[in-house]
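Two complexes come next, and they have one chain in common, chain A, joined by chain B in the first and chain C in the second.
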Partner chain A sequence: MGWLDYVWLGILAVFQGPEMFSLFGIGISVTLVMILMGFLLGIAVGSTPGLAGPMAMAIALPILISIFGFTPDALLPVMGFLLGIMKGATIGGAVPAILFNTPGTPDAYMTTLDGYPMTRRGEAKKALRVAHFSSASGDTFSDIVLILCAPFLAVVVERYLDLPEKAALLILSLAFIAAVISNSVGKGLISLGLGLLAAYVGTGEDFYPRLSLDTQVLAQGFPVAAVVLGVLIVGEVFCRLEDIRRDRRLKSSSGDIVQAKATRLSGAELRGLMPYIGRSAIIGTAIGALPGIGSTLAATLGYASAQRRYRRSGKTPKMGDGAPEGIAATEAANSSVSGANLIPVLSLGIPGNAAAVFLILAAETIGGFNPGPSVFRQMGDAVNPEMVIAFGLFTCMMIANLLNWTIGGVFMRSMGFMSRIPKHVLLPVVLLLTLTSIYVQETRMAAIWFTVAFGILGYAMRRLGISPLPFVIAFILGGNLEQTARQAFAATGCDPLFLVSSAVSILFMALTASIIVLSLKRPKEAPE
Partner chain B sequence: MKRILTAAAAALGLSALSTGALAQDWTPPGPIKLMIAFAAGGGADTQARLIAEDLETKLGWQFIPEQVTGKGGMNLAMAIKDEPSDGSVIGMVVTETMGYNMMAADAGVTPDDFTAITTTAGFQMGIVSLSSKGWTGFDDMIAEAQGTPLRFGVMSPKLADLAYLLGEAQGVEFNIISVQGGRAVMNGVNAGDMDLGFMAGIQGRGVAAGELVNLASALSEPLVQTPEAPMLSDLGVPFNADGYFLFIAPAGLPTEARDAFATAIGEVITTDGMKSNDMITKAFGGPTVIAGDAAQALVSDYFDAAGRLMEAASE
Partner chain C sequence: MGRFNRANLALGLGVAILGLMIATIWVSMDTASGLIEKVRRQVTIGDALAPTAAAMFLVVGGLLVAAFDRDDTAYRVSVGNLAFVTSLLILLFVSLALMRWAGPLAAVFAEGGYRPLRDTAPWKYIGFSLGGTALVAGLICFVERRLSWRAIWVALVATLALILVYDLPFDDLLLPPNGDV
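The block that comes next holds the complex of A and B.
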């Protein structure tokens, strides 16, 4: 079984999977339908201020699992749907930013700077076209890098890293995430520590349930979905509900401006945008490949780099006054984060952002696919089913890109009305859907109480300026970290210094220490 | 001795079932909660869900599967203990849960606090390594272990004890690495993180393809796939890793309910064309049905044996 065989098997797994219906005698696989549905839903969700891709992924996941079950056949349809949401939301995020000056997600803030002025000039449609073109370009570029890099990196990790080095690498990743996600490394570490604490309740190798306070409820540990959805989604909803209560002013809308009809982008215009898109795509991909640094920083850096270049060119209008180049640079940068973010997920099993967290959650819940270096292992003549799934996922991403290039633009430009959905209606619906979907998956009432409790924790963390993402990532990696460390300890014949027993692990631990120390020295007002 | 005992117990159980006329009439009081002690998506979980699916198709009983994982099945045991014993809740564990793990957990319960319903399949537990290691048999591995300690992957504390006793009996030292689940052992062995490990049937395809080799049988009988491999008893270890998947219920489940479950499960997993039969045949080498009193006797036996194993390993 060569690599190309796996690529082909992955493509077949998507197209020849369980059939949904047949069209002119040709069976349409359920995976294809799910990618399309996820993608359209993603655009709608991204276009709605107050909703975001990860929210939709979180709510969809338990519902999808209850439909598709826990068989390996469920992996591609479910994850294809989630990937579709992820990609759809990425391009959808520009819609409210351009039309209504309200960024749907933080990473679309920079898009408002040039997008909204263009709308006021009557060029909204053109701005949306620029956003779509740049976003789709950045996304596709990022996916190609992912497909080329992830298997290679996984093979290197698997071949050269032994158990102690793997444990050191996990510690390094966690330290990196804690240091870079939030402004304050201290707060990042608090979030991380709490996440590890939650991960260690009820787990462990002993038969005695750890940290369970002698209760049967805690002895099984916290359900993953309850913790992740609680902190990320319910916590966010609580915060926003409070914001609405505090701030009842209505944002001004710009519905009355007459929009120009001729909106096609000429070839010359596209050629002018390409250098900006290219640079931003590279910046976004590089940032995406590092776990924990989000698309907001990518957008900021992409915009800043474009600004320098644009100023030298001396064109008008100035950037910030409605230059398509500004939109292109921002959208290409924040969109190219999403594909590259899966590099650490697929090659190391380390999630770097909320979307990746839900993809890992899907894989873990369904079973049969464990993101990590073992995915890309060659098994001689036998087929490695996990590698087939991995290449199936790559195929899903490419199909989503194809959808993006073909129908994405049209659909996106029709989504303006989503911004008018009032938040005070939207948020309770999200809350109810989240709780319902958790009950669907866990089928016990305790899971709901856990979700609400972790929602309150997520709310408190946001109000205290502590990013909840290190918490969630640490919670997901906690078990993995403990097992790898225990195994490394046992494998080295119970050497207490196993973390500094080889050159590679010493390097990883030294990097861990220096990341923390350097972040402590960083001035407080550094940009996020 | 144990083998004879098991066989006798099995025969007894089957004959008890054939007389269970009452069992035919019993129907569950409502939807049945099916607790599963295994991670979602794995072979064991799939087996439990397919059995439930087959029963739903065949008898119209309704199942609500629920994952209660962790602590080698003890989380499930402690949770199911206080559930109603009217047939509305059953669970799937391995016999090791009711044996070694229940003994080791010291949680104040014994197999008598549960009703054993029926086993579904046994394990083809072997001691396995990559064939690229160059070991053609058990002795080659021991010869290499004389020089440097080898890494031995295990997926339960009982197997860790067995690995330790095996090393002791052979005069070598193993660095015993505990992981969660048989697949993790196989991944570890494949990745070179471990030199050898216990695998409970998952090695079948790899052995057939010539990539993995069964160095020894961890059972009280030879492995079906590699009958020439020595058994633990040949290697100086008076214990074995015999075990089965087992359906249980809280203590006090009425006999007619127990037998109705056992008969129904036994029938679907041994009937050609049923999904669970197909899966069990592929993944676990075929169904093994030990039901009712025989199953109860089996777990009591394992529970007692666990005490002796722990004593031996702690010496």
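The block that comes next holds the complex of A and C.
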């Protein structure tokens, strides 16, 4: 079986999977329908301040698993839906930023700088068209890089890294995430330590489940969904509710949008935007490929780079006063992070952001697909089903891109009304939805209490300036790290120095130490 | 470069002490094997090693925060934050208690109690409807700082929508608290 055979099998798995209905005698596979539904839902969610793609992915997952079950046939429809949400939410985020000066997510803040002034000038639709074109371009570019790089990187990892090196690579990745994700490497390590500790409760190889305090509740360990959703979603809901209560920002966005000027983008205008989009797409993809660095940094760097170029051109209006180039640079940069963020997931099994966490969670829950270097392992004449799924996922992403280019813009421009839903009404509903979705998975009230407890932990971490993402990534990778370390220890003949037993693992551990030391010397930025 | 900050110092030292206590008390007393185990001349990694390493991350992280973080990374938990969390927890506790016990209380005089009825309408919806409505309406009113009919209507509609999404299409899914009772 060659690589092209797997590409073809992946495409067939998407198009010839279980049929949902027939259109003019042609069977339409359930995966295609799920990608479309996820994509439209993603745009709606992204357009709603207070909601975000990962929130929708978290809530949708148990419903999807209830519908499709735990069979390998469920993988592509479920993950196609989640990928659709991820991509839809990426373009939807620009809508409230442009129409109402409300960045739904931090990475959309830069879009407000030029988007809202354009709206005030009566060019809202044109601004939305610029955002859509740039976002779709950045996203597509990023996906192409993912498809080309992930299999190559996975093959290199699988061929050249043995167990000690893999353990060292996991430690390096965790240290990198802890160092770069927050403004303080110390706080990143605290988040990491807490996540690992939570992962080790109720597990282990002994008969007695460790750290269980001899109780039945802890002996089963913490439910993955309760921990991840508690810290990421419930903690965020608590924080936002408190902010709204404190600021009394109860009024929903209001004000009619006046559309006074031309809405079309001419060919010349598009050509003028291309250098900004191209540069930002490269910046966003490079940043996205590194685990833990978010789209906010990509948007900021993309905008700053565009600002320098724009200033030299001497055009008007100035960037920040309603220049389409500002929107193009920001949207291309933050959208090109999403595809590249899956490079460490598919090649190393390391989730780099919250959306990737939910994709891994889906794969782990359903079974039959373990993201990591073994996915791209050639098995001679036999078929590696995981590689078929991986190329099926790439096909799903390209179909979502096609939808983005065709219907995405129209649907996005019709979603302005979503920005008017008041956050303080929406967030309690999101909380109930999250708790209910966890209960239907776990069917025990203890899971709800765990979720609330981890929600409080997530709230406290945010209030103390500790990013919750290293916690979640460490929680997910904790078991894998321990398992790899145990195997590496055994494979090296119980060498206690197995982490520095080869040149490559020494290099990884030296990089780990360097990252932490350099992060301590890094000038601190103002917190977001 | 900012100045040393007492909030960072307190957080860092507090976490470092917590990490040490976890490693020396909790992990050592609550794991069956040590850091390294020798079984039939074979040396293996024990169950205590990974959690001890996790606790060491807390110690190192805490010390780094205490020693290197300056004013510009300092965050404090205020009395207002504690008051908010306490109120929130009371609200959640009341709502979830209502969710857990309203059904069984309503069925206290029914033959056999709640358990045989837990998959039968309307019994199976009592706890979720009351608890869910209390949770959503309570939170909206809490944030708005006033009672409103709109909050109750929104909560009722949201709860009903969740019943429609989770319960009606799927026979195998159980709404809270029907898996526990």
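The rule is simple: the second predicted complex is superposed on the first by the 516 of 528 C-alpha atoms of A that agree within 3 Å, B and C clash if a C-alpha of one lies under 4 Å from a C-alpha of the other, contacts with A are read in each partner's own complex, and residues count from 1 in each chain.
Simple rule for what comes next: a contact is a pair of C-beta atoms (placed from the backbone, for glycine too) under 8 Å apart; a residue touches a chain by one contact, two chains touch by 3 or more.
Everything quoted here is computed from the prediction, not taken from an experiment.
In the superposed model, A:Asp162 lies in contact with chain B only, and not with chain C. Contacts of A:Arg486 after superposition on the shared chain: both chain B and chain C are touched. Shared-chain residue A:Arg444: touches chain B and chain C both.
In the superposition on chain A, A:Ile190 makes contact with chain C only, while chain B stays out of contact range.
In the superposed model, more residues of chain A are touched by C than by the other of chain B and chain C.
Of the two partner chains placed by superposition, only chain B is touched by A:Gly380; chain C is not. Of the two partner chains placed around the shared chain by superposition, chain C is the only one that A:Ser66 touches, whereas chain B remains out of contact. Shared-chain residue A:Gln216: touches chain B; no touch with chain C.
Using the contact criterion defined above for the overlaid structures, shared-chain residue A:Ile366 touches chain B, although it does not reach chain C. When both complexes are overlaid on chain A, the residue A:Tyr208 reaches chain B and chain C alike.
Residue overlap on chain A between its contacts with chain B in one complex and with chain C in the other: 205, 207-208, 443-444, 486, 490, 494.
Chain B meets chain A in the complex at residues 39-42, 45-46, 49, 64, 66, 68-72, 74-75, 78-79, 101, 104-107, 149, 151, 157, 173, 175-180, 187-188, 190-191, 193-194, 205-206, 209, 211. Per the touch definition, chain C reaches chain A in the complex via residues 2, 11-12, 15, 19, 22, 26-27, 30-33, 36, 42-45, 47-48, 50-51, 53-58, 60-66, 68-70, 72-75, 77, 80-81, 84-85, 88-89, 92, 96, 100, 128, 132, 135-136, 139-140, 142-145, 151, 154-155, 158-159, 162, 165-166, 170, 172-177, 179-180.
Within the complex, the chain A residues that touch chain C are 63, 66-67, 178, 183-194, 196-197, 199-200, 204-208, 210-214, 238, 241-242, 244-246, 248, 250, 424-425, 427-429, 431-433, 435-437, 439-440, 442-445, 448-449, 452, 456, 459-460, 463-465, 478, 481-482, 485-486, 489-490, 494, 496, 520, 524, 526-527. Contact residues of chain A toward chain B in the complex are 69-72, 158, 162-163, 202-203, 205, 207-209, 216, 219-221, 365-368, 373-374, 377, 379-382, 443-444, 483, 486-487, 490-494.
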